[in-house]
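These are the structures in question, set out in turn.
You will see chain A twice below: alongside chain B first, and alongside chain C after that.
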Partner chain A sequence: MDWTLTTNAPGKIVLMQGNEAIVRGAVESGIHFAASYPGSPSSQILGMLGKIAKERNFYAQWATNEIAAFQACLGTSFAGARSICIVKQNGLLCIADALFCAAQHGIKGGVVVVTSDDPSAHSSTNEFDSRHMALSASIPMLEPTNMQEAKDMVPYAFEISERTKQVVIIRLTTRVCHGRGSVALGQIPETQRKLDVVDEWDRMVCVSFRHQVMLDTLEAARELFEESPYNHYSGPEHPEKLIVAGGTGCLYTKEALHLLGDPADVGLLELGTVWPLPEKLLLDKLRTAKEVLAVEEVDPFLEDELLRLAGREGLDLKIWGRNEGTINRVGELDPDHVLPAVSAFTGLPMPPRQKTSDVPLLTRDLNFCAGCPHRATFFVLKQAMRREKVPGIVVGDIGCYYMAGSEAGQYGWQVNNCMGSGINVAEGLGQLSAYGMDQPVVTMCGDSTFFHTVLPGLCNASYHNSNMLLIVLDNSATAMTGFQPHPGTGLTAMGDEVKPMSIRAICEAMNCTVEEADPFEIEETTALLNDMLHRPGLKVLIMKQPCATLMAKSRKEKVTVWVDQDKCLGDNCGCDRFCSRVWGCPGNSWDFKAGKAVIDPVSCVGCGVCAKLCPQGAIQVKKEARA
Partner chain B sequence: MKKLMYDPLNIVICGIGGQGNVLAAELVASAMNDLEYRVAEGETYGAAQRGGSVMSHVRVSADTDLGVLIPAGEAHFIIGFEPLETLRIARRYANPGTRIIYDPRPVYPQSVLRGRTVYPDLEDLKAEIDSLCKEAIQVPAADIALECGDSRAANIALIGAFSCLEGAPLDTKALEEVVAQRFKGAVLALNQKVFALGCEAAKEAVR
Partner chain C sequence: MLSTYALDTQVLKKDLCTSCGACQGMCPYWGSWNGRTVWLFDCDRKDGRCQAFCPRMPYDREALRGRFFDAADVDPDIGPCKGLYLVRSADPADRDGAQHGGTVTALLKLALAEGLIDAAVLNHMNGDDPEGFLATSAEDIMACRGSSFRIAPTLAKLNEALKADEYKKIAVVGTACKTLATYKMLAKPYPDRDNNADNIGLVIGLFCGWGLDWDGLKELAAKYVPLDEIAHMDIPPSKYHSLVIRAKDGREVSVDLDEVTPLVRLACKACDDMTAEFADISVGSGRSADGWDVDKGWNELIVRSEKGAKLLQLAREKGVLEFKDMPEGGLDKLKRAAAGKRSKAVRE
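Up next, the complex of A and B:
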């Protein structure tokens, strides 16, 4: 849908994903520069910006990590450029130091950081509330309630950023990023603003005396937010019951009020300016209110700020929300949590619903995709570890292979901190071999993670000769977030071909012992692993096998895998249904009627590894040229 | 703009990661946007892509901005890619007026294949789904797509079937146009064939 991103058709209404709306907003802002490291749920934004960058004459980069992305934006800002940096919640934490310093030195050209929080951690390992970062870094923050606002807030954020000379953050949540809604397009400027000539005496420096300037800037932003078009109030002029909502909470609350019969005595204040809060606007309603309900994503941020305001102003208010307990403290907001909360708050009865069975239904555990090389890697790793006299310790990391900690990866690792942590956690463990710990230590990282944060850790581990093995799961992709290029791929966000960096050469330059293996060659690779575990010092094993989803897209020949049920011995085999029970690929199913194995033709991608593993040779593979 | 039977009109599309559920929702939402309704759509994916339960919500109104998630019990249509997932969604979102269209082909959860649990009896699943709604129609979408040469087109068979359902907010033409915009060449031809067969199957099932 590239045309919706770049066509100058003001007023036209199109269906847009929240992530697309941010892209369109950036184009309507006339940005010069965009940089990001992929992180769900906002990973699509830079991918789309990269595709249209040449047409719209700006620069877009998949940076090696978030710090590189954000600090590059500070650099371009110094020359007056408008720059946008896109991160997810964890990426925002990665750039904390840079952000806090930027807040103190200020900026020249507008800098907007778009961050995506992931309530319920749909595609994350944890929930986090970015609003705490805005508060602690003294940086203005906005939060859209729908796709239209997601688009419109980008130019508004640049305006605030340039008026206050401060970075501005836009907080998105998963439902905004991945949701779609009708958006009226705005005007795209013909050309970007001219860049500044940097003067000999221009400065952008973090020094302690700027602390007061930073605080004054925050107050200037507060004044602008008192008049912001993104704060709306509806209801009686002096409400006794007031709901204060932010982000997705606004539309859920409106619908809840509607389903409860549109009570005329309840006020609703929708806040698009998250930080600093427009205190005058709030106090105008709080002074007459007796009870307030805060509806917000993740933490009771508004609720706590309301308590603080009420305390400071000596207001006698009962405050309801996530901390008080009316709304779920953990997990995302949805209509089914907001409706009962609004019902309890207003005293209006819940609409009736049909009774349904409460017999629990089977749930579905996550699994590696059919044909995924990680399944083979973790099978091999488990096999190798079981051949050791003493059990080894396996330290995980963040990527698709996070799932290896569950049944999908043979419960393959035992420790997992955050992205890029595996090498450092293992480094520490590896040093204990000189102090009586006699267990092999293994960790892993993906190819994109290798460049993102593993490099300094590897440098440290190699220099200090930690006794450990790093497995690089090289599937030629940042697969978890949608196949973005990284320095090992030879591609850039704008589609240019560049010289790729060799992970092997980098490891060798860091004095590591390096081997390469194919995880689909189960026997050979298991033997190599066992051998490497007994070599002293730091070892790196690069597992090379492309992501199955990429392979399925690019494969030239048609591969059919099926089970010869005359050869399959079913439960008489003694393999304990190895293919479906142990190997566990979605392509390996069980024919409950025949009591034999079967391939699910819908799931199977034709990697053929299960055919090598079947003890009866019952799984057959046929390759033919595509029609 | 045709007056909607309900405003907002709520559609849930449910299945398992990788079945093309998100694309199906996007096609339905695009078609409704092209007819100048206000549309909101919510998708659950990410980690759920890898074999987990996935659902998309499509919401349509003449003039109101809606949240991207449907409140419990408020679905007017449910499109299911798998019977267990259809029941899961029907329990939460169906009401006595809901119409359901679903593929009866089971996809076993890992716990079933690994031998720890047993997949529910298909007749029991059907009976419970039937009891929760006005009408539930089975369409063998995955089989249709496989017969046409690509199992990935099952989602198109289901939206084809949906377009031919009585009271569907979209006619076949509007959805066909969106399919034609989205795909090209051989993939388009395949999808058009699968779409038509899905529609036929729905009509057949009602008869």
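Up next, the complex of A and C:
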């Protein structure tokens, strides 16, 4: 593990990724407990915490889901522990009930939730702005602009949390998580704070009469935020034009102002305290301003709050932003969007731009990795569904197999809600078979998703005997986010080996009809799938084949796959480039010189499935013991 | 339009596919499951042979006929006809287990023995269901006697055999949809991708009223005689209005045709060719004007081409077939039946 996370060298400046900065901040805060369920872009945080947990004497856990993670943090808080819970935007929504209740019962030891929003949904299915959660739950929220703030805000959040007895959320966005910047390290406490003895009469309970307490707590936080060192103002004392920015918006605005010649008459207020807003600080500048531009990620949260403030105070302000339309309403901020907005706002002309090339960048569709068992599963599923006399309905879920909804998975599913939803959506459809719907219903989940949220749905579907099939894509990994362990793997975040849970045994205990199959055995598995579709009640088919990345790492033998171009008929075959075009594995490529198929030896991991599919038998597989 | 889409929208979705298998066996995009043609994946060709060979895709009947048959032989009801005969195999072993008189079995064995063909694409039973089979010996041919009353994707097997290019004179036996597809192959719409169509050596057509939906037949079987116990099925002349199922133990069950008709494939109801007009020889059941029992166990046979005439002549010389005089009115009766199917198909 990188020494920068655990070495006590106050003042030393190091290059850090935002996610690392959060880890360092947690270590400097002397946390006792950390828990998370992986979700991009903040998946790495708990992975790193898990690796240093033993050295720093705290506990770190990859929890089965976000609710388990957050509520465990609340538990440790009751004994005075400092705990940190890391989630992505969807995970924050997942813990909504717990969060709203926690806001009302308050906490004892500091509880910090780090949430990562994913503007443009680079590794998500949707854009979401977690500031709405802070607002509606009445929970204080901070948002760092750079890596230094990402680190520094963790101890600051614990301080606010413990002073207000309230959970504090730190909002990150993708670029803060994954970007790198210089960070001056702080002091790491020698030992953690001693835990409290929980008294017989100590309470942490969500009851309605604490509603007022919660609101008072929020006002107390607002007072603290009025003086927060994470709100900065630069510009004239009484600006007519004011830019209010948060998070990455601050950096893009600074860059834009610089490119526009650093205009002296424009004020820039950088807000690190997102909720509750420091109204006095804001009003101090708003009262003299005539125009305000809000620069922020995802939703026009600040913009709307500025409108609200202006309305309440009767200020005559023109407010620019994402709602007003100067900045793109949907998608991530970047200099290409912020610079024209700031130029329009300030009335300063756009600087000339140098065009580097007229050649457009290549676009690439999302695809499964070479050798990915999901490709085979969805190939099998498509074949099986096409065989059915009446078309079936396929319900998707969240994981790598989300990509199966596109070409990579033969456009494999038709419905997709959120993580763990597939079983429930399919359960409903499956009940319709008694009411005139005569179509097979199939859904799927990965092994990690199975434990995350599918279990309660499976209980429900099995108990009510829904007529449907659940395919569990058991690749022995939480592959999408980087191979974090889950209850089926027998490993923990801290590297301990524990007894793994059997998905098959769980399903059987739930009275499901269970079969296991190897998706690489295309013919047999397709036949089994067709057969299962016609069995009554709830069926579970576990597709067992490890994630290609794991498989390639652990395999004992060396496998070479190549195309015998004497056998490949090229475009005369009638297969219409089946291997590279339909099967679509990155390992299957086209030799344009020879006009024949070819294997890309760099991508190919040697699963050998394409050899079974080639109608000419031109793809050869050779296995030999590794030297 | 892409060929796969063309077939899907114009044939499959309209229930016009008989699942003859002509589109299959050449590529990974078409398959078959439980008697249904299955479009598996999207091909991006617009000139697929699947589309060109499909008997249910539009074609110019006169032009295709003109390339292979003598215009003077063409009868409006039963197609090219050089002669109509009433025949059966001279070998009782052929007749045993045959649908009618074992004529096709006898002709194929003769053609194979004389080197006129080196293989034949037929149907045999795989468990409960018929499937295409490449027969290369007299024993193989014998194993394929009888009718399954279902259309199997036999031509998928033909396409595979042609592609493999191992046998150079392959006989094809099939109902009208299959033999038409075979002539579409012989016409070589894409000469540079002809899938070795010249390896087709002989085409024997089978008279066909219709084929049953596979699930439909299973429904019938569940009600009357289990599928694996059915020895024979036949439709007696129309006045009986029934389907007769004979079980292996000899008992016969007569099923009202009204019960059977709904199980007939729409694709077959829309077919206008009872006698398989595209063939060297077409064979069906003997249907005497004097009654159902008179010619039971005999085949009517239409010779359509020179090749067919030569084979029949050889059969006569070698004593492989027994001949019976065609009764008075036999041709008219056949013509009426064929015309009846044609007019019904037009109404469908």
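Note that in this section the second predicted complex is superposed on the first by the 614 of 627 C-alpha atoms of A that agree within 3 Å, B and C clash if a C-alpha of one lies under 4 Å from a C-alpha of the other, contacts with A are read in each partner's own complex, and residues count from 1 in each chain.
The definition used in the following text is that contacts are C-beta pairs under 8 Å (C-beta built on N, C-alpha and C of every residue); 3 or more make two chains touch, one makes a residue touch a chain.
Everything numeric in this text was worked out from a predicted model, so none of it was measured.
K.L.:
Following the overlay on chain A, give me a clash-or-fit verdict for chain B and chain C.
P.N.:
fit
K.L.:
Pick one for A:Thr363: touches chain B only (first), chain C only (second), both, or neither.
P.N.:
So A:Thr363 only meets chain B here.
K.L.:
Taking the superposition on A as described, I'd like to know which of chain B and chain C A:Leu613 touches: first, second, both or neither.
P.N.:
Touch status of A:Leu613: second partner only.
K.L.:
So, does A:Leu259 touch the first partner chain B, the second partner chain C, both, or neither?
P.N.:
The answer is first: A:Leu259 touches chain B but not chain C.
K.L.:
Which chain makes contact with more of the residues of chain A, chain B or else chain C?
P.N.:
Counted on chain A, the partner with more touching residues turns out to be B.
K.L.:
What is the C-alpha-centre angle with chain A at the apex and chain B, chain C at the ends, nearest 10 degrees?
P.N.:
Apex at chain A; the opening toward chain B and chain C is 90 degrees.
K.L.:
May I ask you to decide whether A:Asp334 touches chain B, chain C, both, or neither, giving the answer as first, second, both or neither?
P.N.:
A:Asp334 contacts chain B only, not chain C.
K.L.:
For A:Gln410, select first, second, both or neither according to whether it touches chain B, chain C, the two together, or no partner.
P.N.:
second
K.L.:
One more residue to check, A:Gly574. First (chain B), second (chain C), both or neither?
P.N.:
In the superposition, A:Gly574 touches chain C alone.
K.L.:
When the two complexes are placed on top of each other via chain A, what is the minimal CA separation of chain B and chain C in Å?
P.N.:
Superposition on chain A places chain B and chain C at a least C-alpha distance of 7 Å.
K.L.:
So chain A touches chain B in one structure and chain C in the other; where do those two contact lists coincide?
P.N.:
Residues common to the chain A contacts of chain C and of chain B are 581, listed in rising order.
K.L.:
Under the stated contact criterion, what part of chain A meets chain C in this complex?
P.N.:
382-383, 386-387, 389, 410, 530, 572-576, 578, 581-582, 613, 615
K.L.:
Write out the stretch or stretches of chain A touching chain B in their complex.
P.N.:
Contact set of chain A toward chain B: 13-15, 40-41, 118, 122-124, 146, 148, 174-175, 178-182, 248, 251-252, 254-256, 259, 334-336, 339, 351, 353-354, 356-357, 361-369, 400, 403, 407-408, 577, 580-581, 584, 586, 588-590, 600-603.
K.L.:
Residue numbers of chain B touching chain A in their complex, please.
P.N.:
Against chain A, the touching part of chain B is residues 16, 18, 26, 29-30, 33, 36-53, 65-73, 84, 87-88, 91-92, 94-96, 107-115, 117, 119-120, 128, 132, 142, 146, 151, 154.
K.L.:
Help me check something: in the complex, which residues belonging to chain C touch chain A?
P.N.:
Of all residues in chain C, those touching chain A are 26-29, 31, 33-34, 36, 38-45, 49, 192-193, 195, 215.
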